[in-house]
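Listed below are the structures to be examined.
Both complexes below contain chain A, partnered by chain B and then by chain C.
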Partner chain A sequence: MQVTKAARTQPSGILVLPVVLFLATFYILPGVFVILMSIGHPPSFSLRTELITAANFERLFGSAYYLKVLVRTIALGFAVGIVTAVLAYPIAYYLVRSSSRFRSVMYFLTLIPMAVGMNMITLGWLVVLGRYGLINSMLLSIGIVREPLTMMYTWGAMIVGLTNVLFTFMALPIAAVLRTIDPSIEQAARNLGAGALRAFIFVTLPLSLEGVATGFLAVFMLSSGALVLPMLLGGQGETILPVLIWEQYSVANDRNFSAALAVVLLFFSLMVLLLQLHMTRMRRVLT
Partner chain B sequence: MTVMVAPVTEIAANRTEGARRWYALARVSIAAYVFFAAVFLTVPVLIVILVSFDTADYVQFPPSGMTLKWYARIAASETWRTAIVNSAIVGVGSTLLAVVTGVPAAYLIARRDFRGRNALLALLLSPLTIPWVVFGLAILNFWGAANLPRNLFAIIVAHSVIGVPYVVRTCLAVLVNISPSCELAARTLGADQKRAFMLVILPMIQMAIISGAIFCLLISFINVPVPLFLTTASTPTMQVAIFSQMLSNTDPTVAAVSTIQLAMILLAFYIGQRVARLGDFL
Partner chain C sequence: MTMVDRREVLRSIGGAIAAAALPYGTIVRAQENKVTVTSLGGRWEESIRQDFIPLFEKRTGAKVEVVLGGPSQWMSQIESQPNKPPISAIDNSETLAFKLMDRNMAVKLTPQAVPNLASTPDLFHKPWDDYAAMYMYAGAGFFYNKDKIKSPPKTWVEFFERTSKGEFGKSVSLPDIAYGWTPAFLWTFAKVLGGGLGKMDPAFDVLKKIRPYVVKFWANAGEIERMISSREVDIGVFWDGRIYSMIDAGARFLGFQRMNSDVLISGVASQVVKGGNEKLALAYVNTLLDPEPQLQYFKKINYAVTNSKVRYPASVKDRILPVELGLVAPYRDLAKVTPALLERWNEEIRF
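Presenting the complex of A and B:
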């Protein structure tokens, strides 16, 4: 009797119907359709299996140029991931362990990049790094350089800009893990004679690596999928996959090839997602 | 050397003069680094705000004078006004759609154990992982093949797909901590299921819903790639207009629109923090 009563208090399965229908139509179907288009299907719903071909992928993986773009995209993801991890770790540590009054201000500042978005930060770095920008006008007025330096349209500009945009996505996961580490563990190491640095490197850092890994995967994915900033701060020779997808669609107007490129990018992000799931499962096994 | 009583500081007191100098150095360098990071995070944003008041006809730094003419130009421009209004419509519309579809699903997932529950949750959260460029291209191709008109509704639908995970995540975080006995008590007292949800659960998760909604709104405002694919000349949106203006020429109008966008975002954040303690859900 009690069991059936409890069962009746459970909500009905109809509740998921709207979201499932919605996502099936406007999320799953478009995804399937872009995969179909990547293998040569024309942009219409009438199924034309005779047109199916691997030509787009052969073109992609057969060309040194496109392979270079692919490698560059992954390299950018790694570079931004590493730089962000190194820069954001001390700030995450500060946010968790400091007792300074500036801490809550710093927490707010850490949230800024996530909130203002890529457009505004890109514009900001265009002004900082530009020919008539902040750094050049400073250098010229001090007299260190006579001609304005070219800092835009470089690999460095892209890394600096993306590091800024994605700072929040690294700092928050690291801070979340650091918060779960009892400071007395580090204190124990100190009491046993380890210096502050030693205690940090051998005790706190290894315990917090999970947060770094989570942040790294997020930053890797977001930077290798970024469009706005690489398009404006990266140069002609620095094209990455998302920029190439947009160009193939809007400039070359090659719908099938742009779909193939999108499928490759999608494959990367699914790999990252699997890695993420694997990590959380590992943690569940470990604890 | 001063004599200290607490055991931990005693160890510190036993350290040499050199070690203590080392600690002072460490403190200073931490402070310096935090200052550097604060500058790094704020300067690009502050610069855009400053440039939006600059008198020069192109984007440069430092500003040569103060003016409000770029704001006046936006107010006078039909296109910019439409773009800003369109982005607001898209933001609110997609948020409502995401909340209406996402909240019931989160409730079911929290309350009932059924086959495929994890798969469903993975589906609902997966838009977080899909690059916006890929989704923009996919939904554009789909929209074209279905012969649907490329109006604001297309962008609303696309943005709410991206917004659903935020609503589900924040609601679920609160729902799993609400004991099912709350509904059971309401049911025992004679409320039917719908009433129990509306009068008991909804008030308990309203902060989560508001926070999730504000995340949706925010993501809708700052998303460029998806509307870039879907926007047409007749349906301009603020974020795409800013982006294309940055690509062609940059007079300070872009900075002024960005500043307006920032003000809208900060207002949403502030309201969210006051009304629903948004920060708790980060």
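Presenting the complex of A and C:
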């Protein structure tokens, strides 16, 4: 079969130029300026090496408080990622494997958090978890408790809120990968004597881990970088890095230190991304 | 299928650039009769657009463009283009107003250029050497749930004493360091407890003492208003205008107790930015200081206004904080110690 000239021609790079320019201007360039600010340099194109300093990072890593907040931020990302994965996986499995007529309703419910947005969901949880909110009102009226329970401004409130907001970011990638798994593979395992649970654990789950990893990465990045929800639902002891970044910028007016905090947050997010890519690559090599 | 070739694309881009360049002269001329100002959002913006701007436009024939946001954002915009600032008149915070002055980017307000300055008490412009002027002011006081607290405190000392004894239970709220005016509150706490700007220990000591009774330190005005509305808190400190607005909106359980002394004042420090449309910006600031729109602003927002010629309705005169009772924080010196206060808050209050 002869291959035509048109078929041999690769798409011109000019097709991606608009996107590259957009990303370079509004993503990469600001990122470079933030890195420059973090090392004491003003955001400009002319480099002045005499201004470069590691003082902001020394201040950050030399403070027990900032290190604690950093650890807490990463822990929050992991906690929300794990909780979301555990809750979203069964939903994703149902969406892909079920032929029930309620599947479309469940699909709609899965997409709602993304459609409603973080701010509205946060306000909703303020009503539900409040001192005289939905839950406490019910418990008080039934007589289970005599005083309202403290649910707001806690670590738990932040995890619940972020899990709700980011649920879709976990469910959809898992569903996308599950859809690529041929059901006959699971059926083959069942035919060879494996029970439903065993087939799931040894066949379906390993094949779907790539979706879980992708969802985890998205949830980790979004939750560790969240500002409004942790500020409203979290308490004094639950401050995370994005709140400090905002404070250093708007209250202390220390943009350089604020940039340093942002760079550290970005670094850890990239580490999780690299870890996810490495795990995905390893799995492909092994399989 | 129609294929678009490279020549057509380049031709159209060139045409677009030429078309964009054509009305440049017209755009420049139009900008001379336009001034860019700032405003906070919500009802504030409503008042700016409905009460101040129409009068300004009527007097000057110029058009106003409003940039919404906050002082930090506006300052970033101004500092990023110091030679040709995108904003001509800024509603700055008391602290950042000094920053604009120190950068030599603020225009001095004179009675010739801003005639309404003459009927604005010194308290509202002398702290900035006339490089800024406040057109409104808020007085801090105690909000309280009248159903739970029958006798609210009247001084800071009384408030701290009763709170630390657990009289109000865990239902207190105070501003967090993330709130722009918290350094001023910390200075006030220190002052009333025997300290001051160079000795802030009393402020942090008392906060640590009452912390077990604090539900949450609130980070913005919307948050504390929500906490009050949902009865998350029963007592705390907030600005008079906001509390009165909530009461007028139907919060009958809510009460406001003015302090007998050491009433911290806050407000917006309006400034004219050097390099912007200075002539129109000065006229705009003069409009902000005009008694006529200021009275309308007060009726919308419930914050007192600064022009001494404003005649408040008799029914609300009791709500107006007498200027002589007000306490203006030393914002310039406070700005120098704010980063250290933030660090200390993180280490001692949050840690």
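Here, the second predicted complex is superposed on the first by the 237 of 287 C-alpha atoms of A that agree within 3 Å, B and C clash if a C-alpha of one lies under 4 Å from a C-alpha of the other, contacts with A are read in each partner's own complex, and residues count from 1 in each chain.
Rule of thumb we're sticking to: contacts are C-beta pairs under 8 Å (C-beta built on N, C-alpha and C of every residue); 3 or more make two chains touch, one makes a residue touch a chain.
What you see is a predicted model; the values in this text were computed from it and never measured.
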Point to revise | Partner with the higher number of touched chain A residues, chain C or chain B | key: B
Exercise for review: Look at A:247 in the shared chain and tell me whether it touches chain B only, chain C only, both, or neither; answer first, second, both or neither.
Suggested key: second
Exercise for review: Answer with first, second, both or neither: which of chain B and chain C does A:97 touch in the superposed model?
Suggested key: neither
Review point. After lining up the shared chain so the two structures overlap, which partner does A:269 touch, if you call chain B first and chain C second: first, second, both or neither?
Key: first
Review point. Which holds for A:68: it touches chain B only (first), chain C only (second), both, or neither?
Key: second
Practice item. With the two complexes superposed on chain A, say which partner A:153 touches: chain B (first), chain C (second), both, or neither. Key: second
Check your understanding: In the superposed arrangement, which partner chain does A:196 touch: chain B (first), chain C (second), both, or neither?
Key -> first
Point to revise | First, second, both or neither for A:235, with chain B first and chain C second | key: second
Exercise for review: Using the superposition on A, tell me which residues of chain A are in contact with chain B and, in the other complex, with chain C.
Suggested key: 126-127, 130, 132-133, 231-232, 246, 249
Point to revise | Contacting residues of chain A [partner chain C, same complex] | key: 64-66, 68, 126-127, 130-133, 152-153, 231-232, 235-237, 239, 243-244, 246-254
**Study point:** Touching residues (chain side chain C, partner chain A) in the complex
**Key:** 70, 72, 96, 99, 176-180, 182-183, 211, 214-217, 219, 223, 226, 230-232, 335, 338-339, 342, 346-347, 349-351
Practice item. Would you tell me which residues of chain B are touching chain A in their complex? Key: 7-8, 11, 23, 26, 30, 33-34, 37-38, 40-45, 47-48, 51, 58-62, 97, 100-102, 104-105, 107-109, 111-112, 114, 120, 123-124, 126-127, 129-135, 137-139, 141-142, 144-146, 157-158, 160-161, 164, 180, 183-184, 187, 193, 197, 218, 221-225, 228-229, 239, 242-243, 246-247, 250, 254-255, 258, 261-262, 265-266, 269, 282
Exercise for review: Would you mind writing out the residues of chain A in touch with chain B in their complex?
Suggested key: 6, 9-13, 15-16, 18-20, 22-23, 26-27, 29-31, 33-34, 37, 43-45, 87, 90-91, 94, 102, 105-106, 109-113, 115-128, 130, 132-134, 137, 164, 167, 172, 187, 190-191, 193, 196, 221, 224-225, 227-228, 231-232, 242, 245-246, 249, 255, 258-259, 262, 265-266, 269-270, 272-273, 276
